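There are two complexes below, and they share chain A, which is joined by chain B in the first and by chain C in the second.
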Partner chain A sequence: MAFLELTNVSKVFGQTAAVQDFNLNVERGEFVSFLGPSGCGKTTTLRMIAGFELPTTGTVIINGNDVTFKPPQKRNTGMVFQAYALFPNMNVAENIGFGLKIARKPKDEIKKRVEEVLAIIKMDSFGNRYPYQLSGGQQQRVALARALAIQPQVLLLDEPLSALDAKIRVSLRQEIRAIQQKLGITTVYVTHDQEEALSLSDRVVVMNNAKIEQVGTPFEIYNFPNTEFTAQFVGTLNHISATVRDVANGVLAIDSQQVVTAQKLEGVSNGTAVTVSIRPERISFAEDGRKPNVLNIKVENITFLGSIVRVQVRAGDNLFLMDTFNNPFLKLPEIGDTVEITFSKEAVLVLKNGS
Partner chain B sequence: MKRSTLFPWILIFLGFLYFFLPLIGTLDFSLRLVKDQITLEAYKNVLTSARFQNTFTYSFVMALWTILAGTLLITPTAYWVHLKLPHLRPLIEFVTLLTYVVPAIILVFGIIRVYSRPPLSILESELGADFLLVMGYVAMSLPAMYRSVDTGLRAMDVRTLTEAAQSLGAGWRTILAAVIFPNLRIALLSGAFITFAMVIGEFTIATFLARPAFGPYMANLGQTRPYESTALTIISLSLTWACIGVMQFLGRGTQGQIQVTR
Partner chain C sequence: MKATMQTTQTLSAVSPPRARNISFAWLGVVPFFIFAILFLILPSATLLIGSVQDRQGNLTLGNFAGMFQGVTLKFVAAPSEASLLGVTFPLPFTVDFQSNSIVSAYILSMQVGIITALTGGIFGFLLAYAAVLGGLPKFVRSALLTFSGVASYFSGVPLAFAFVATLGRLGFITVLLRNYFDFDLYMTGFSVISLLGLILTYTYFQFPLMVLVITPALDGLKREWREASENLGASGAEYWRYVAFPIILPSLLGTMILLFGNSFGAVATAYALTGGNFQLATILIFRQIRGEVLQDPGLGYAVAVGMIIVMALSLALYYWLQRRSERWLRR
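Coming up: the complex of A and B.
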């Protein structure tokens, strides 16, 4: 039995279905992220786990207990909000100790636990400060400590890093993951940032239009997207028009140039127009070594993005991107040059509902 | 350049004259009880008067009860409306504004009519009359109290703070007592101050309910003893300013504590 079970959960607001038929099992100590665009239902699902929303149908079970109709204060879930939600009238120590005080823990125990979690978030000396005396990143760490102090069964984080600047976001997310692994706490994390979801999670739940699109490890989600939405939403994806030439052998034509896919072609016949998807980073210049697929293309544009260089290329009417790692000895073609690019059979995906 | 810096100073000076000249005149008059002398005799007469002390103490106590009752009525109501019934906000605002539309004289006659005959004849006892006076004042203070609390609630993310407290195990009473009330301190003080000023000077309800309040005493004094009456005006103003000072003192250090969210 999973530690957190969501079975046939749905939520309807008026005429709008916010979440539909949501089924998910989360194991004890697992870190699961809900990833999707705004309005896809990820926060609503999290709020149903927390008890802030009542599911229209379905059940929420935590550690074997059906908590579907339990109020939030009876669920022992720690919640971290995007807006920090620290109590402005309390200092850091009082904020962290709030839940323990509610639970009527002895003063000594509260003090000890507060010191422990302050040490975990590396803010030992900040106990007497007020929220307004802290930076956004510090406030969010305190919010995390406050949620951890009550030793919740499930830690819920609702876009906790969205209000922070890029650098702090990266360092804090590493910190969150390290703390989660150290404490072995079951965690559900909501984000619309794919990098965050992929870098933090054991598993990612990709959501769209109130439904689950795909559940998988970050590796599976990125490399083997099941649906066009997942492929498009996670990472950058090229869409290239092609024609099926040989269904049996997976042969396609892009701008009359032959390419082969490792994917088994189903539901199409020779001559069918399809759209294939290739990740930019899976394409390289052919001079680096030839793979089964080689295309002649014209270089349209070159953009430096720091660690990578993004090259826009054209093959007939198809305009698409390729990424190559930047290094000081990189020899790039000039804009307007015609060069060969190459990619593996496995890189060519004909999406389930994409053609 | 010179003209542009001089002009605001002229405006400030004119403003100063507008606000303080009448006050200076009142102060000057209050000091002339004895002919051709500057004296504090009028102040001495007022401050040593037993009626002043009794009526002021009575109104002061009534003001505290009004503030307490108003706070306990308005804060949970406004909080609940913010949290659960935001669509009712215009209706609640309208209701709280009714006391501007219904004059105090109508209110007090309504009170007398309802509560001076069975089955609710509580006006006959002193305690009952005091209770009704406080209730009348609560009704009159609704616009100020509600607006203050409403503004305070708008300045904080009520929903998220509530949910954060709930997720930590807090029930409604704890949330109100430990999270909402403390963060509304300035808003409540502001509403309390306006209520205090209103109750101290209130005349109509106190007069018709025959209560020994400060408002009727001031009015009575104004008709019979002009020097003492102006001295009383200055004393009232001083007390008002002292209240503002206390409010600012109690509210010190809270600037910036309310989070700006979402």
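Coming up: the complex of A and C.
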């Protein structure tokens, strides 16, 4: 039995379905992220776990107990909010100790626990400061400490880093992951940032239009997307028009040039127009070594992105991108040059349309 | 070092003197400054100067000394009783207080100010709470705010007349109660021209002011604070006790101080309603400066300066409390 179970969970607001038929099992100590665009239902699902929203249908079970209709106070979950939600009238120590004070714990125990979690978030000397005296990153660490202080069964984080600047976001997410692993606490994390979800999670739940699109490890989600939405939402994806030439051998034509896919073609016949998807980083210049697929393309644009150089190329009517790692000895073609690019059979994905 | 100094000298020698640019934006605030000089600074200066002059124009502190002439205050360690608005309550000590008309007027003004600040404040807060956080339909909130915007400025002679027409001996409500409900309001001892009537009338413009000022503070209570406290195990009452109430307390106290000042400085409503039956500080000043019997402008000015000091202290406290709550709510 999983530690956190969501079974057939749905939530309807008026005429709008915010979450539909959501099923997920989270193991004890697992870090699961809900990833999707705004309005896809990820925060609503998290709020149903916390008890701030009641499911229209379905059940929420934590550690074997059905908490579906229990109020938030009775669930023992720790929530970290996007806007920190620290109590401005209390200093850091009082904020962290609030849950323990409500639980009528002895003062000595509260003091000891507050010191422990302050040490965990590396803010030992900040106990007497007020929230307005802290930076955004520090406030969010205090919010995390406050959620951890009550030793919750499940830690819930609702886009906790989205209000912070890029550099702090990266360092804090590493800190969150390290703390989660150290404490072994079951964690559900909501984000619309794919990099965050992929770098933090044991498993990622990709959501779209109130439904789960795909559940898998970051590796699976990125490399083997089940649906076009997942493929598009996670990472950058080229969409290229092609025609099926030989169904049995996976042969396709892009701008009259032949390419092969490793994927088994189903539901199509020779001559069918399809859309194939190739990630930009799976394409390279042919002089690096030829792979089964080679295309003649024209270089349209070159953009320097630091560690990566993004090249926009054209094959007939198809305009797409290829990424190559930057290095000081990199030899790039000129804009307007016609060169050969190459990619593997496995890089060519013919996605389920309309899913 | 030498080179640097030379460079600096050369630059300053070459640079033309910088002309001070006066922005035309200042023109926009000129009417405000003229208004403030004519109706705030000049009258205040006249009061201040008048308060330290005798009738012949000589400098004196006699006006201020005159305010406290004959006033004595002694505490005796013996139990006694005190009475406020007809309610008697025990005191563990006896106050031997001999007042004069001026100090009595201040005390009465402060009593009216405190009571109307409390009644208007509590009533206004409960109304604002119901409209903002009570889950009532949105139109209730806009209707209440519109009413409050109008009612908070409804004071003076029109308000006094409205209350006489409504709750006077032949007022609409009084007659309605007598004729249709067989209830004679005036048989209970109530009178609109009593202290209770005055407090009721003041409350009419006090509670809308509370609604207007406290609504933004209630709006400022973030939903996440309630959710965070619930998530940490707190009940609704605990959330209000430990989080919401302490957060809005500075605003609440600050607004009550504002209400006190609003009531403390009011004159026209009281004068029109009671015809001067109640010796409030403002009515006393009016009589000392403009009256035919009691006229002593110097003393009137001194009493007015005393009022300015009370008002200034109230506003300073209000400002300090507002700053405190703004600091909390900054992020």
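Everything below uses one rule, namely that the second predicted complex is superposed on the first by the 353 of 355 C-alpha atoms of A that agree within 3 Å, B and C clash if a C-alpha of one lies under 4 Å from a C-alpha of the other, contacts with A are read in each partner's own complex, and residues count from 1 in each chain.
Everything that follows uses one rule, which is that a contact is a pair of C-beta atoms (placed from the backbone, for glycine too) under 8 Å apart; a residue touches a chain by one contact, two chains touch by 3 or more.
Fair warning: this is a prediction, and the values are worked out from it, not measured in the lab.
**Student:** Label the relationship between chain B and chain C on chain A in the superposed model as either fit or clash.
**Tutor:** After superposition on chain A, which the two structures share, chain B runs into chain C.
**Student:** On the A-aligned overlay, A:267 touches which partner chain: chain B = first, chain C = second, or both, or neither?
**Tutor:** Neither partner.
**Student:** Which holds for A:83: it touches chain B only (first), chain C only (second), both, or neither?
**Tutor:** In the superposed model, A:83 contacts both chain B and chain C.
**Student:** Between chain B and chain C, whom does A:184 touch in the aligned arrangement: first, second, both, or neither?
**Tutor:** In the superposition, A:184 touches no partner, neither chain B nor chain C.
**Student:** On the A-aligned overlay, A:37 touches which partner chain: chain B = first, chain C = second, or both, or neither?
**Tutor:** Neither: A:37 stays clear of chain B and chain C.
**Student:** Both chain B and chain C touch chain A; at which residues?
**Tutor:** In chain A, residues 50-52, 71-73, 77-79, 81, 83-89, 98-99, 102-103, 130-132, 146-147, 150 are touched by chain B and also by chain C.
**Student:** Could you please specify the touching residues of chain C with respect to chain A in the complex?
**Tutor:** 222, 224-225, 227-235, 238, 242-243, 246-247, 327-331
**Student:** Once bound in the complex, which stretches of chain A touch chain C?
**Tutor:** Where chain A meets chain C, its residues are 50-52, 71-73, 77-79, 81, 83-90, 98-99, 101-103, 130-132, 139, 146-147, 150.
**Student:** Which stretch or stretches of chain B touch chain A in the complex?
**Tutor:** On the chain B side, the touching residues are 156-157, 160-161, 163-171, 174, 178-179, 182-183, 185, 256-259, 261-262.
**Student:** Inside the complex, what are the residues of chain A that reach chain B?
**Tutor:** Touching chain B: residues 50-52, 71-79, 81-89, 98-99, 102-103, 130-132, 143, 146-147, 150, 156 of chain A.
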